[in-house]
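Structure provided below as structure tokens; questions to follow.
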Amino acid sequence: MKYSYFPGCTLRNKAKDLDDYARACAEKLGFFLEELTDWQCCGGVYPLGADEIASKLPSVRALNAAKENGQDLVAVCSACYHVLKRVNDDMANVADIQTRANNYMALPEPYMGETKVLHYLEVLRDVVGFENLKKQVVNPLTGRKIGAYYGCLLLRPSSVMAFDDPENPTILEDFIRALGAEPVIYPYRNECCGGYISIKEKEQAAALCQRITESAAGFQADCLVTACPLCKYNLSNNSELPVVYFTELLAEALGIKEVQE
Amino acid sequence: MRRIGVFVCHCGSNIAATVDVKKVVEMALLEQGVVHAEDYPYMCSEAGQSHIAEAIREKQLDGIVVCSCSPRMHEATFRKCAEKNGLNPYLVEIANIREHCSWIHKDMQEATEKAVILMRAAVAKVHLNAPLKAGESAVTKRALVIGGGIAGIQTALDIADAGYHVDIVEKEPSIGGRMSQLDKTFPTLDCSACILTPKMVEAASHENITIHTWSEVEKVSGFVGNFTVDIRKKARYVNMDKCTGCGICQEKCPSKKPLNEFNRGLNNRSAIYTPFAQAIPNVPVIDAAACIKLKTGKCGICEKFCQAGAIDYAQTDEIITQQYGAIVVATGFDTIKLDKYGEYAYGESKDVITSLELERIMNAAGPTKGHLERLSDGKAPKEIVFIQCVGSRCSDDRGKPYCSKICCMYTAKHAMLIRDKYPDTNVTVFYIDVRTPGKNFDEFYRRAVEDYGVNYVKGQVGKVAPQSDGSLLVHGVDLLENKQILKKADMVVLATAIEPNSDVRKIATMLTASIDTNNFLTEAHPKLRPVESPTAGVFLSGVCQGPKDIPETVAQAGAAAVKVIGLLAKDKLKTNPCTAKADELRCNGCSQCAGVCPYGAISYETRQVNDHGIREDRRIAVVNSALCQGCGACTVTCPSGAMDLQGFSNRQIIAEVDAICR
Amino acid sequence: MPVTENWKPTIVAFCCNWCSYAGADLAGSSRLAYPADVKIIKVPCSCRVNPMFILRAFEKGADGVILCGCHPGDCHYSTGNYYARRRMTLLFSMLDYLGVEDGRTRVEWVSAAEGVKFSETMNSFVEKVRGLGPNVRLGDLRCRN
Amino acid sequence: MNQVDEIKQISGVNPLKCMKCGKCSASCPSFYEMDIKPHQFVSYVINDDVQALANSRSAWKCLSCFACIERCPRNVQPGKLIDAARQILIRQRGQEGLSADEIPALLDEDMPQQLLMSAFRKYRR
């Protein structure tokens, strides 16, 4: 199985671990990520304004490129996934945006939201299957208690993202279980870490992150796992609790990365 | 040529303010066959009707068009008026110039033009109307009540007291319904069982009432006055005649795992069980999915201990077929599922419960023997938070758009009872609005605040976060203080929206009774016929029609009973004369019409036909007018055009089409 | 027929007695406006509507015909609307073939509780027919008398 | 176009759907940073006071976490209103929540590009 792959700006440098392990594990699990040529940054945040077009065009280009490849489009970063999926929803359902974006793009064939946008975790769940993943684990992470940190972007708004139950998600917990570790359920796993606000409002981000990490620690988590570089940055800056990318855990369990103690 | 009179109603200003009624009269007089036309402020009034009567007499009218409100409103009025004055009622047609014209248009000229066209269509139709005579059908003097909660019990008692036999069909092992699960009732705080149980006993011992518990309606056919209903009596595996209700079987049963439905799954019951101590009948049922004997063939302990020899593992479902004149739906409600409300942590924490679960916890026969305690650790809660409108008043796809109506009152009740019995437990209620219309209702709520110190906070809760110390952190807002509130609670109670019982759609389909987008049964008229379904002979009792509390349910149950009694008191019913009829000269007996008839009203007979002098035996379709409901499916299916519908004939409808497109 | 500014379409709406006619009543009592071009004919059930009636309407100069019945599963007569749906699917494709555009015909399910839907349906249908202009096709075919 | 129409158009929000339950404010992680609270956004629009909304601190404090959008029982989605207010502000007056001069001091070496990108999008045109 081959997918078009949108790594995103951060995975190119600060979050190289997220990217490298994603690719390596994919190969091991029998699917391949073909990086889009000439992708542009998704913008990091989805433009909420109904009249915003220009800021959505980089995503439309990526989506259309995947369509031309005849492949589903996979992202690993929560933000990229969020932006791509929501822009794609606009292109499939909002006539005004369809028309105006296509007018700008002047593609040989208009793009109408045909591409399916997947998060890497969805490929693991729906294509590879967690049962099957479990069988491929060589270094089970037995004894580790891991708190899933979903944040906002994977889950909300659920009407568009349709990723998991927005208030009581299970995909990361199932993933953690498949790797042989024990998932820790704590209530703030879908509450905001502060996101972009941490560039200026360090204290607010700190307060939000502390609530999250303290809650997880209270439920005995010994580390947090996330799919988002910004979440990782904010949480790591404000807590003693280690925060890792899910792909790192996956790589450890599949024997691609040395086990971290 | 017909002599037609046209009567244009002003409906006060409802029509006359938008439609130039004089112009409609003037235009009517230009129509072929119209020998009389007039307008009047209120045609439906006594005086208005006398104008019609007078015109029938003086102008020898044999066709009437009334341009007025919807025929659903006053067609029957004007037909009666015609009949009283010697004219066949089916020679009256209504042009709906109110709902379909004056109320939706603003421009007078436009509305007048449309009213004229609607008048013309009605005149064109009435030219072709034939005098029809309603047939008669007998009335079976027996009623069926579907659902044995307080609504069904009350309806059944009232009908039975009037001298008619009633059968109650209840799918659970006992009658009693939701009310039997309640602890206390608002606004008087009397114990629910104390007022319900006598009614259950009365129903069970009433000579005119037969109760079928553990039974479901399987099939309904027929029509008003003559329904035939198949009732499935599910295998109980206990002989009802032999069982003495001693209860030893339940005590000895080794299968104790199944969740106790009556206690909302908060504890367990045995595989052989009666849902609660006062159950009627006091005869247990065996849950076949949990019974070791029925699953594996081994065990048989209940049989061994039953001194009455009532256990019968060989019992099978039984179908009873019974005739009824009327059917009452009293299927009640359930609370909605909360799986889409993850933010309230229901399902995640045992200490987040629904209000109905709290009823069971507060009840002496409940899972905690009436002690208010946390289901997680058995500790007494010191801080309880109630959240209102969970799933009610939601326009998203998670909840229900309506107000569930009972929650404000039962929450005040719960809060008050807790403060009364456990004065050192604090109670906070997060609300959007407190809705307490009803006799002594608002006073009740105020007592909770003023006398019992319940803390009402105007604002919703965004999230309930279970903490690692076992407490629940409630993230709410106080809109009046404009503050976010973080409240540490030991227990959170959700005022969960109610919805019609999940079986109601199936039942409504069997009854061809209409149902709204929220699965509430539709009433024949929202104000004037609130306990009747639009389907003749089907009546509504209780929450199946819309959210209501116990007093309202009992009132509506009585009203439904009165309607049933009114129907059963008649010996004969007039049938709808607008039935299908085959032209024997055109019918070739192909049988296609019978294939589409939903009522099995069409049969075939071989009969001698005189076709332009040639006499021959032909197979001809015959419509049983007592069974035919007049849908017209057969008329369109008929390849030779032999089948036509009286009152809505091909020629009549085409005449209307022509008049509109003229 | 040239399209003039003041041209108003003639639209026939067949409504079943139990759901859609009541839905139209509800639209009325809720004062939900829709164009006066729509004239409603009451039929007991959508299955009573013979394709012949619709052909007749077009023949006589209707610019659009809409058939409204109970939602699937909610027919007062259980199954009438299913027959109607099948018949109309065939009829409309034949009409389209004859040149009576698809937009001039429509089947819509409107319940007795859907006053808003009735009004919205009529508004959108009339707008569609207005956009298509007068129905000249059957006139061209010399069906018109 | 006046500001009320503009904010309705940009946000796609119909403020009349709000039943004033406050679930948005109960869910908002930035509640205490805001001078005008999420549940008030709607009233400001209904009362034609978009300017006050655009001038408020709240426009820069929303985290776009979508909790209010997800949990709103009436599908009002107040978060879209405050984002639209921010848009109006940025577009009309070229105001920004983050000036170019401030930026160098705010950077650190672990900071992901994603943060810079998002912050630029949110704070600046």
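Should a chain be cited, it is by its letter among A, B, C and D, assigned in written order, with residues numbered from 1 in that chain.
We take it that a contact is a pair of C-beta atoms (placed from the backbone, for glycine too) under 8 Å apart; a residue touches a chain by one contact, two chains touch by 3 or more.
The shown structure was predicted, so the numbers you read here are calculated from the model rather than taken from an experiment.
For the pairs B-D and A-D, the larger set of C-beta contacts lies at A-D. With centres set at the average Cα position, the gap from chain B to chain D is 46 Å.
Centroid to centroid, with C-alpha atoms defining each point, chain A and chain D lie 24 Å apart. Note: centroid distance chain A to chain B, computed from Cα atoms, is 48 Å.
Among all residues of chain C, none touch two or more other chains. Annotation for chain D: residues 67 touch two or more other chains.
Residue numbers of chain B whose C-beta contacts span two or more other chains: 343, 463. Chains touching one another, given as pairs, are A-B, A-D, B-C, B-D. Contacts from chain A toward chain B in the complex involve residues 165-168, 185-188, 191, 215, 218-220. Note for the complex: chain A touches chain D at residues 8-10, 12-15, 41, 43-52, 55, 77, 79, 152, 155-158, 166-167, 191-192, 194-201, 204, 208, 228-230, 232-233, 236-237.
Within the complex formed with chain A, the chain D residues making contact are 9-12, 29-30, 33, 61, 63-67, 69-70, 79-80, 83-84, 87, 97-98, 102, 106, 110-123.
Of all the residues in chain B, the ones that touch chain C in their complex are 70-72, 96, 98-101, 103-107, 110-111, 113-114, 117-118, 121, 509, 512, 514-517, 522, 534-535, 578, 596, 598, 629-633, 635-637, 645, 648, 650, 653-654, 656-658, 660-662. Of all the residues in chain B, the ones that touch chain A in their complex are 340-343, 345, 347-348, 463, 465-469, 473.
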